[in-house]
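Data first, discussion second: the structure below is written as structure tokens.
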Amino acid sequence: MHCYSRRVEFAETDAAGVVHFTKLLGYVEEAEHDWMRGLGVIRLGEGFGWPRVGVEVRYLAPARFEDLLVVELTNLERQTRGLSYQFVIRREETLICRGQLKIVRVRLEADGSFTPQELPEAIGAIFGPNPTR
Amino acid sequence: MHCYSRRVEFAETDAAGVVHFTKLLGYVEEAEHDWMRGLGVIRLGEGFGWPRVGVEVRYLAPARFEDLLVVELTNLERQTRGLSYQFVIRREETLICRGQLKIVRVRLEADGSFTPQELPEAIGAIFGPNPTR
Amino acid sequence: MHCYSRRVEFAETDAAGVVHFTKLLGYVEEAEHDWMRGLGVIRLGEGFGWPRVGVEVRYLAPARFEDLLVVELTNLERQTRGLSYQFVIRREETLICRGQLKIVRVRLEADGSFTPQELPEAIGAIFGPNPTR
Amino acid sequence: MHCYSRRVEFAETDAAGVVHFTKLLGYVEEAEHDWMRGLGVIRLGEGFGWPRVGVEVRYLAPARFEDLLVVELTNLERQTRGLSYQFVIRREETLICRGQLKIVRVRLEADGSFTPQELPEAIGAIFGPNPTR
């Protein structure tokens, strides 16, 4: 499990007085980058990216300006050329949302296209030898 | 079905050269508001909101700055105190993403809390008499 | 003068119930791109960008969700390797904000750096022969 | 002077590979809120807001994904019903941008309008007795 904490900033709220639903998904991405940073995985500097291929989320309670939220990433699993994981966002004991994401690793080509890549070693090593090969 | 078209603006792209995945969900929300606006349903002026309770999305191809996208909303269905619908976002024949959303209607209370509400008449009327009452 | 109209979308509002001040500057950038698009000036596809070097803005009245705003760009002037212009954003007769921007044209190098460039011909031609050469 | 540090998140970058210019202004607002939070000044919970009335900024160098930036607020001065201050954003010794802001304090009325207010005591006390009364 990886934990990441994040204060809700004013620009992330909307006119209903709560964090806009898309910004919560941005917090999950930040938590993922925070986890990768800890593993020494460079994301853009060397021409690689991690586009999302699937997102599922259930929104359970609103979060507001200045709330201190915790994003938890769990159940990280190796997928073909990518990863899946589950997440929850909490404010203390209150669940704000939970869901799951699938991401893939790609090389950013000079013409702007994406070429699927194997997982970087630092991440692949976490999951042990790939059972499918 | 409701169609809404939207050009990708520069501020919505990210350093991988594509629209950030969260912004595509914002386009779906815009399409939904565009549909509601056509029905004369006021969203905020009278103290009502439509928070999302569930989102599922599959990302299929990247979209880029200046792309002219079409968002299509289909399979609108009445849910308890809310609605569900499916969506696709296309650039001509290319599918950018597809998924589904569930939203509920709430009253925005003075203390900042949300109270679930019945659908407004203009929307409820589309689905015929509520079979559960 | 170039005019661009823009409806305020929900995701652009904040918890004070108005458009976030940074989003109004995004509308100005959109109006600028809309003007360039009309001149056939490609912005990113061929590796050029237009970073801002200076922004000044006075905020005069709030704008809200669903407001239909008009952005007007005026007083476009050639600068060394760039342009300056003034802008206002209005909702009918109400001035929302006004200000000025300076932008430069750069080539986006493979290593991520920016190299200053002359104005593209389609834009330079608007201002007549450059008096300084 | 108040200092606030902030890592650049991926969603804040644009397709030129740098932080979008509007997001840097958002970082300044975050630094301001961080300063107010330290003084115990509640911003929204009790129905007050701090809209911006003027912004000036010079952009000097690009900032990129994962950069660790420092926002410094200086020269805080009392204005009629508001404050002005200057800011710089740095990445170590590199100046990313600098500028100044004017903000006012308002009460958020039930009908959505803003009524100008005196500074809260915790902030007014910093500047000593108001010389104009």
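We just call them A, B, C and D in the order they show up, numbering each chain from 1.
Heads up, the rule we're going with is that contacts are C-beta pairs under 8 Å (C-beta built on N, C-alpha and C of every residue); 3 or more make two chains touch, one makes a residue touch a chain.
None of the values given here were measured: they were computed from a predicted structure.
Comparing the CA-atom centres of all chains against that of subunit D, the greatest distance is found for B.
Subunit B and subunit D have Cα centroids lying 32 Å from one another.
Work out the mean CA point of subunit A and of subunit B, and you get 22 Å between them.
As a whole-number value, the distance joining the C-alpha centres of subunit B and subunit C reads 28 Å.
Listed for subunit B are residues 10-11, 15, 17-18, 20, 22, 26, 29, 44, 64-65, each touching two or more other chains. The touch graph of these protein chains is complete, with an edge between every pair of chains. The residues of subunit C lying in touch with subunit A in their complex are 10-11, 13-15, 17-18, 20, 22, 64-65, 110.
Of all residues in subunit A, only 15-18, 20-23, 25-26, 29, 44, 49, 51-59, 62, 64, 99, 108, 112, 114 touch subunit B in the complex they form.
Within the complex formed with subunit C, the subunit B residues making contact are 9-11, 17, 26, 29-30, 33, 37, 43-44, 64-66.
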